[in-house]
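The first chain written gets the first letter, and so on, giving A, B and C; residue counts start at 1 in each chain.
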Amino acid sequence: MVALRQAWLLAVNDLRQEARDLELVLTSTFFSLVVLIMLGMSFSALGISAQPLAVPGMLWLSVAFVGALTLGRIFTREREFDTLRALLVAPVERVSIYLAKAFVTIVILLGCCLITVLGLTLLFPAAQPFAERPLETFALVLMGCTAYAGVGTLFAAGLASSSGKNVLLSVILYPLTMPSLLFALVATRSLLEGHESFLTYLGQLTATNVIAFVVGAWLFEPVLVGVPQQRRGAARAARRRR
Amino acid sequence: MKKILPLAFLGAAALIFPVSVKTIFLDTPIEKQMGTVQKIFYFHVPLAWIMMLLAVVCGVAAGIQLRRDSKRAEAISIAAAELVLVTGLGVLITGPIWGHATWGKPWTWDARQVSTGLLWLVFAAYVLVRHYGAAGSERLAAGLAIFGAIDVPVIYYAVKVWKTTHPSNDVAGSLPSSMWAALWPALIALLLTSLALLIIRVRQELTDVTLDEAWIALDDAGAQPAPVSGDA
Amino acid sequence: MSEAALLELRGIGKHFGRLAVLRGLDLDLHSGEIVGLIGANGAGKSTLLSIIAGLMPPSRGQRTFAGSEGVGRDERARFAVVSHTAQTYPRLTALENLELFAKLRAQAGGHNEALRPTLDRLGLGYAADRQAGTFSRGMLQRLALARALLGRPEMLLLDEPFTALDRPGRTLLATVLAQERDRGAAILLISHDLEALVSVADRVVLLEGGVIAGDVARAPGGDTFAERVRSLAGRMPAVGAEAHA
């Protein structure tokens, strides 16, 4: 419970800072708009039969690009002001940092998805089901963004704390998040085509979320600061006794 | 004993491989629907299995590396990841050759092809992070490997979940016994070769670690200045 | 000063590949003392601080704080770090910066001092409601120290705290550190500023060759401490010389 309370406090703190100058919100949503325009220009000639196959890809490609930008920016800021180290030294559960950053990423991504989904609905008639089934669309977008944030937050934080090169973030993020985006893609297609298996695919996407968050939370401390000396020593002692 | 193990594996593989080739091309009937090109299956499937096995080995070793700060586990993780790339290349080359002959298209973007390609990309990212990452990024790479290992079941169940153009998971189970007879030697030869390469590469990494430690021990022995304490 | 050391470092080694930064370092830090740590650039002072703070595991050796080898949340609640970077959120006010860490500590079961009086103590009371992004570097340094003092830490680790401060700021910092020492805190202070160290430290140690290569303590009634500290500092290699010779 302490971890969740601290995570909430950190997330609210990040969002409060963001509300003061809106840097991340404005840049990310502007980027979403630019991506949307580029996709619209590239695929405007698509026939109505091909659109249900292309629109899901457009949505989740947009999330992939904006997500990389958002995660990169969130942690570049932490690196710039070295505040991540301050949190790592403070009496804060390390997993709280992970949960807080993932939450903020999800909030930003949801805002960007709002623009992307609205834009796709306006540009492509086959995307009408987004408007006709808003609850399902919201659930789908929420689960997709959550899966992305669950995986991406761990590695963006890891790179920031090890002073790693930012270019490696893209190298890591895109391959790792693609399985989740693949599930999201299939679920989106089934939503647009009115398939009855949409809920099944949404359930599978939710399952990838659970895996991403469980593994991400478990790995956060070992990846960022390593295993504490005490635990390593206990493991060695146990091996010697055996 | 340990030193000759990879050589023994390579030797055994060198003996089994011609037997395997003979069995595949001379003793096994030609598959009715796909024709001679189906025989690439006997290399493609073992390579795919070995790739997934090595991905899991890499992920497990990475987990041990993180929990116990184990250099040996780290060496296994690095070696396994590099072999995932090698075997993965084999899968991604033999697969489209088979696909082109069977479906008329080398790459159909079906879920299994995509997932295998993704697994390859994840471990390519691992190798890049290990090579270009800053100090501390070995833990980050270990995290990557663990996620990659978790991706392996995604590949296995992709066909069942998405009903794709790829032959189903059951294709290996439904083979006639003469074709099984041809699969095993190829699998064993490729597995022994992979294990030999894994051992050699692990040994290389551990030698590197030993050299680093020797260097530091030498440095320590020669570098201690005489302590001075100055109380009034 | 209590007899048992609050912080014990035994045989601490740290290497990055073949680069050995620390080579079997031993150091004790007692409650109620200020220890200054000097060393050439690249000697490993910041690495040592990161190991003590639990940000980095040592390659070998043992770090014990208050009898425990762990650096879990409960241990981290008992010490504080002031880095050479201020580590403050620029878009939060000074008060909000403190409030965040105070709340985090409170949620972990820790105690906090009152926020505004802590800012006043560091001469920042007038700027409590200003965003930290508008602060000068010296003010940021003092804000970071205010945050560190919130939890009445048993151990305080400071990395170059005097660097950005003007003379009044240094005097204030020295006064605050002395107050903390008198309260019983153990303080490790990394600094290149010998004058500041001489004014405030009880003991100065030299990190050279990856180990503690020199240790001078202030003797009661003696007035040669400054001279001995300067002599110790004189042992540091000149610029361009190998730091680990």
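Convention: a contact is a pair of C-beta atoms (placed from the backbone, for glycine too) under 8 Å apart; a residue touches a chain by one contact, two chains touch by 3 or more.
Quick caveat, the model's predicted, so the values are computed rather than measured.
Closest to the middle of the protein, by Cα centroid, lies chain A. Note: the chain lying farthest from subunit A is C, by mean C-alpha position.
Per-chain Cα centroids separate subunit B from subunit C by 47 Å. Centre-to-centre separation of subunit A and subunit C, using mean CA positions: 37 Å.
Subunit A and subunit B have Cα centroids lying 29 Å from one another.
With touch defined as above, residues shared between interfaces to two or more other chains in subunit C number as follows: 56-57. Residue positions of subunit A with contacts to 2 or more other chains are 226-227, 232.
Annotation for subunit B: residues touching 2 or more other chains are 69, 135-136. Residue ranges of subunit B in contact with subunit C, taken from their complex: 69, 135-136, 211-212, 215-216, 219-220, 223-232. The touching residues of subunit A, when paired with subunit C in their complex, are 2, 5-6, 9-10, 13, 16-17, 20-21, 81-83, 85-86, 88-93, 225-230, 232-233. Residues of subunit C that touch subunit A in their complex: 53-58, 62-63, 68-74, 76-77, 80-81, 83, 85-92, 100-101, 103-105, 107-110, 147, 151.
Put simply, subunit B touches subunit A in their complex at residues 66-69, 111, 114-115, 118, 121-122, 124-125, 128-129, 132-137, 139-140, 142-144, 146-148, 150-151, 154, 161-162. Of all residues in subunit A, only 151, 154-155, 158-159, 161-165, 168, 171-172, 174-176, 178-179, 182, 186, 204, 211, 215, 219, 222-224, 226-227, 231-232, 235-236 touch subunit B in the complex they form.
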